[in-house]
Each structure stands twice: as C-alpha cells, then as structure tokens.
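Order of writing sets the labels: A, B and C. Residues in every chain begin at 1.
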C-alpha cells in the first residue's frame, strides 16, 4: 500500500506556487516524492536536470492524482476520473478530481460568479452560504454570508454542513487546507479569462447540483447572444475606447492587452487604447494623448460624477461630448452567467446604432 | 554709568532640581576691575556667571547691571553690554574663524543688515589681540582646543562689551597663551575700562591678575576682597584642604602660592 | 568651500539648472511632445495669438497645462520646502545629520492618512481631498504634541526623544489599523512611499502660500540659526532668544514640511542630502545655505520625480523610492568622507 505525499516546491513560496492564478498548475522546478513517512528522499537532487520540466510535471501530477489524497483530506473518498451512476466527478482548476456521491443539496459559494450561476440555474434555495460580495441577484442577500473571498469563516462554513463548497480565483491554499482537513469537499473553479472557460465552469456547477439541462440552456443562450453581438458589430468602424477600472490618487488602471476585458472590448467592436500595454497600469498622459472616442466606467461608486470632476479626465473630448458611459462592471468582472449580457451592454455603448 | 557698581547681585539664591547651588550670594563689582571667582568644583561658580549673564530663568530681582534689574534689558541690549566666553565650545559646523568672530557683531546689526567694513575691522582687531588673525580662514573644526578658546574670546571682544564674563578661559591653553590672554584682558580692563569677571581655576592666575576675588564654597561666599585678603593659608586649608605658603613673585612683585603635594 | 565672490555665480548656476530641468521635465512623459512644442505651449499665454498656436495639438496643450505643469510646479514647491526645512532642522538640532521628519512629522502624517482611509473620510476642502487633509492634520498635530510633552522646546534632547517615542507609538497604531483593514493596505503603503501622481493646480495653489512665504521668513531669520549653532548659551549671550527663535523656526519648518508631505506623501532624503551637499559647497552660513538649499531641493526632487514617472512608463515608481535610491549611496559617501576627511 502506498502512503504517499506530494509536495511541489518552487523558487517562489509554496503557497503562491500551488495556487497560482494561471491556468497551468506548474511553477515547480522540482518534485520530491517521499515514499515513506520518515521523509527520506530516494531521488537525488539533480535527477530532473535537463528534463522538459513542464511536460514532465503535468504528467506526473496527473498520474499521482490517483494516489489517495490522505494528506489533504482525511476520510475515505474514492477518486475516479470517470462519471459513474454512483457519483459525480469534477476536475477542478488545480487538477484535483473531486467526487461527490450525488447531486449537492447544500452548497456554499465562495465567489460572486458562482452565486450568480447557482441562482441562474434556478437552484438558489440549495445555497446555504455566500461571500460578502455576492450581491446578485438580490435574493442572494437573504443567504447568510460567511465572509470574504480570501478569508472565509471556516467554522461558519463547517456549521452549514455543505455537500460541496465551490470556490474560484482568490481562494487561498490556506482556506483549502483548512476545509479539507475538516473533510469538507471543495471544488475550485478559477476564472479562465475566456468564454469557453466560463461555459465549462457553468457546466461543472450545473453537474454538481444536478441541473445539467438548465446549465446547457444557459450556455446556449449565452453563445447565441455572443454570436448576435459579433454579427451586429462586424465590419463596422471601431471607435477607440478607454475602459476605466481605477483613477485618481492611486494612479490610472485599465484593461491591458493581455486581459479578458480587452478581449471583450474587441468582441464588442471597440478598439482598446490600452491594448498595447500588459497588465493594468496606465498613465493619464497616454489617455489624453490617445484621445479616445468613448470612455466606459463603472456605474457604481459614483465613478462617473467623480471622473467628470477629475483633473485631466474632465478635459477629454469624450467626457466633454458626453461620451462617458456607465456599465455594470460586475457583468464583466464576474466570469459567470451574465458575461454575455455584459458583452452586449458594452457593444450597445460602442455601437448604439447596431442594436 | 550712573551707578558705581556695574554688576551687583543681592541675596542671590539658585537651585537645580531642589538642590541648592547658590546660597545668599551678594557681590558687587566696580567698573574697570578684573574680578576673579574661585572655588572648588561644584561650588556654583559657573551658575553665578550664567545668572550674571541672564542665561538662566531668574524670576527674582537679585541681579543688577549698572543698577538696573537685569530682566529689564532686552537680550539684544544686554548683548551690547555683556559678552560671554563659555567654558567649552563644541561646534559641528565648519565655520571659518573669521565667521565665528564676526558673529560677535550680531547685537549691532539690524534684521536686514550685513556686516559692514567697520564690523570687519573690529573683528580683525579682536583676532589680532588674541593671536588668531593669522588663521582667520581656517575652519574651526580643524582647530586645537586652545586655538578655539582664543577664537571664542576674540568673538567676545568683538562685541565691544562693557563687561566681559569668562568661564575658565585658559583651561585649554599652554602656559604661553595663558599668560598672553590674561595679560591682554587685564590691559583691556585698564585701557577700555572693561569690567572683567572671570572664573579661574588657577589660584596663582587669580593672585597675579585680579583686583578682587570671590571665593565660593558650596554655593556660599566664604571670602571676598583683595587677593591677599582672600587667599591665605588658613582659607586654603579650610576650603581646599591644602597646605600652602604665600610668597612674593620675584618677577612681578605680586603674590603667588606654593602648596604641599600631599 | 568656495570663496565669497563665487557664491553669487553658484546661485545663478543653480537657478539656471532648475529652469533647465523644468523645461526638460516638461518635455518628458508617456506622451511624446517635442521640446519646441513644450516651450511654445508654456509661453503661449504671453505670446500674441498667432499661427503657432494652431499647429500644436490640443491634447498636447492639455497634457502640458493640466498634467505636467501642475506636477512640475508642485514638485518644485515641495522640493524647495523640503530642502529648506532640512537645513533648518539641521541648524536647530546642531547636527548635520538631522532631517525634517525627526520630530514625528512623517509618522504623524502616515497615521493621519491611515486613520482617514480606514474611517472612509470623504471631506473636501478647497478642492483638496480627505487624504492630504488628514496627512496635514496628522503631521502638525504630532509635532505639536511632541513639542508640548517635551517641555516646550526648552532643550533639544527631550524634543528628540519625544519625537522618537511618539514616532514609534504612531507606527504601531498605524500597523494595528492596517492589520484590521487589509483592503486599504495597498493604498496606505502606496501613499507612504510618496508620489506626485495626483498633482493638480489646486494642490499647488494651496501649498504655495504656505511654503513660499515660509521660506521667505526663514531666509530673513537665517542669521539667528548661525548663532544657535554655536550653542544655546553663546547664542543667548549674543542677543537672540534661543527659545523663541527655536519655536519660530520649528513652527515655520513644520508647516512647510507638513504641506509638502500632505500633497505628496513621505519623501525622504531630500531634506537630509540637499543641505549637506550645499554646505560642502558654500559653507555653513545659513544666510546662503537656506536659499541655496531651496534651489537644490527643487532640483533634486524634480529630477527624481521625472525619473520616477518616465523610467518605466506608463507605470510610475513612487518618487520616495527614487530619492531613497539616490540618497542612500550619497549618504554613505558623506559618511565615508566624514570618517576620512581629505
């Protein structure tokens, strides 16, 4: 019988490595595998030199995921990568294969996108706990909150006796460890920064709670909306757009060329003036110099009124010609069922005549 | 000066943190005299000097300058009358000798005035008298203790004061300069009617140069008057526990003291 | 130290360097605006309306007048303030290693900002937001407390010790607040690093009337500082009231420093290095040290800020980091020089 323990070690700290937000698991340079509890390392340190690390490790991890995760979760869980009549299995973002006996009847959501998905699937009443930030739909507020995304109240979650806890990006390894040590099943469905990823997440959630049909319907509707939008804006002139994420005392923040929002702007028929930069950090001078046709900001936090008053922004042509528009940014930030709606809202701002 | 006493203290008391440092000290000093203050360490000599210079917060009317309560003088006005040479000076900024000496002219400058040619002449005279003119451009951080002391004396002279108060002005000087400085001071007292009040650590200096002496012990004046009256074997035995003999200096004709080394 | 007759030349030189730096800074930034365009835009208010004005892009004009110029002006004013108050603090404490923050201004400002942010303060005053206001109040309030608990500036040592103690206390309080308000952590830390990113004409308009007249007064009273450096008794005996002068100097330089910190965060080393460097060139006479430190401070801070916002554009490095990176080696160089004078 194999009693194994897998630890991934990387040049960075163990925490950031294992739970990096990037979809690929690996930032590991070495894997040490103990085959007995005393911790002797049978493999010499430089065994892995020269090997294509990434491929090797992905394969290794997948194979090793067959080993019972007794280190992560006490209790007897059988992991089978195949759906059987007696269980539902989901492969989560960290390639953990999680199985529950039957469709979950008590769910705790640790992300607003997950909460929205559950309600969109018509299964709001199985939700037993949500985060402070889960505010849509309004009914979600009736569900008790168990804290924030990064620091959920583990004991409160345990008290709710969930069949499954569904988390997303921002969920920390610490929280995962604590929950699994209490034998609570957790599935982590991180944002994939594309529509396909969002569809898969909705599909997975639907399977876990036994609402596959509704899940398929939602996905189909979303795909239809996306196609309609893209057809409507096809061939049209693309106005230059600046998407305001942050402004003022702490600097200007927008969606750079490598972000999902940048993709959405382009799908909506707009030309993101910040597509040339990576990341989120921009400068006021560049905004003014690019002279965008349209500015989009959040409809929350009184952003529009503040922007109109802010030095630099108030002199923009777009602001002075009333081309500063508000949008419910949650539709775009939360990669959930409203993503297509968000795309449509953005497209309507950029190409009002097409709708 | 209207009064015959240029400096006068009346029943002067002083305490630091509850400890009495000066007890009922009454002194009078006549203009143009060289007065010495002697006493063992901790007798209160420096404190007395500071009170005479209004450098401590004395609420009582126990110090008079030319007959007026010292508190009636503004700081600037007092600075034109009294100059101070402190015991030790430590400056971390590299002013030149000339810059430091010129600061003695500050009481005479208006807010927006710069030092005039006349001010510089006075400073040059003072530097000449104290023998520091030759290194007027030197930085004070590069001076020896003795050189710095002479610079500070020069600064005090630049104030053209009526009263010169010095706290152990020769403590860092070699014997040549000790004699030099004290002689200059004494001659200034005569030539310019300068009133000198000096705390002296060397009894023989006091005997040689001073017109009057005050002997302080534990905050009280135990003896005052002419040098021969104040420095006697009996007094020295009482106050310093020293066996001494007072003799006549064959060079100057003034008194000097020799003491036993046990 | 250079001799008297060259001092005027050095002043003019510094002035020219400052003006040159201003123009160069005006031409640098994320947006490309040519040197000549910058000059044209700056002098446009006084040139008659002509063809020149039409050739220049409106966006360039906006960038210069609304973004770069207010930032440059604010940086220059703050730099002047920091340079001068550094010189004054070094004089008051008779220590060439002193800096404007030793009485707790920086900890007070940082604490004020932390408090304001965690309480979600939303006040505005004359177009200035809650953050600069809380920073200013924190800075001045702390200085007043330090002054009072140390016995009213009677002696230097109690002042210093009180400043240190209060500084530690406020840092601890600040850490406590930050611990329980993680969401604000980034913003607070970013502010303490110092930045001129959010400069505008209102901030310049509010700091100028505090800093510039303050510097003017300090220049007028500079001679007293020369005397104070000699020692308290010597200075008193030379006709100034050290206690009164110290209070006036502390008051004015505190207000100056607090204003600078309020609009730009905590920027270190300028107040330490500039007077030191100037002193090496022109000597310790505060009548020259203070005006020259004014120019030196403006130049150093402007250069640092320009580096901060251009070196990895469009992202900005907080200017406090740049001054520290420039300052630390210089400080070590000075230290070395002190230990091994040539």
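Note that a residue touches a chain if its C-beta (ideal position, glycine included) is under 8 Å from a C-beta of that chain, and two chains touch if they have at least 3 such contacts.
What you see is a predicted model, and the numbers here were worked out from it, not measured in a lab.
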Considering only chains that satisfy the touch condition with chain B, which of them also satisfy it with chain C? none
Nearest to the mean of all protein Cα atoms is the Cα centre of chain C
If you average the CA atoms of chain A and of chain C, how many Å lie between those two points? 44
Inter-chain centre distance, chain A versus chain B - centres from mean C-alpha coordinates, in Å: 84
Note which residues of chain C are touching chain B in the complex, please. 1, 94-96, 220, 223, 226-227, 229-231, 233-234, 236-241, 279, 283-285
Which stretch or stretches of chain C touch chain A in the complex? 29-32, 59-60, 62-63, 66-68, 70, 129, 131, 187, 190-191, 197-198, 200-201, 309, 313-316
Looking at the complex, which residues from chain A come into contact with chain C? 248-251, 277, 281-286, 288-289, 291, 311-312, 315
Which positions of chain B touch chain C when the two form their complex? 50, 53-55, 75-76, 78-80, 82-84, 86, 89-96, 99-100, 103-104, 106-107, 109, 111-112, 139, 152, 159
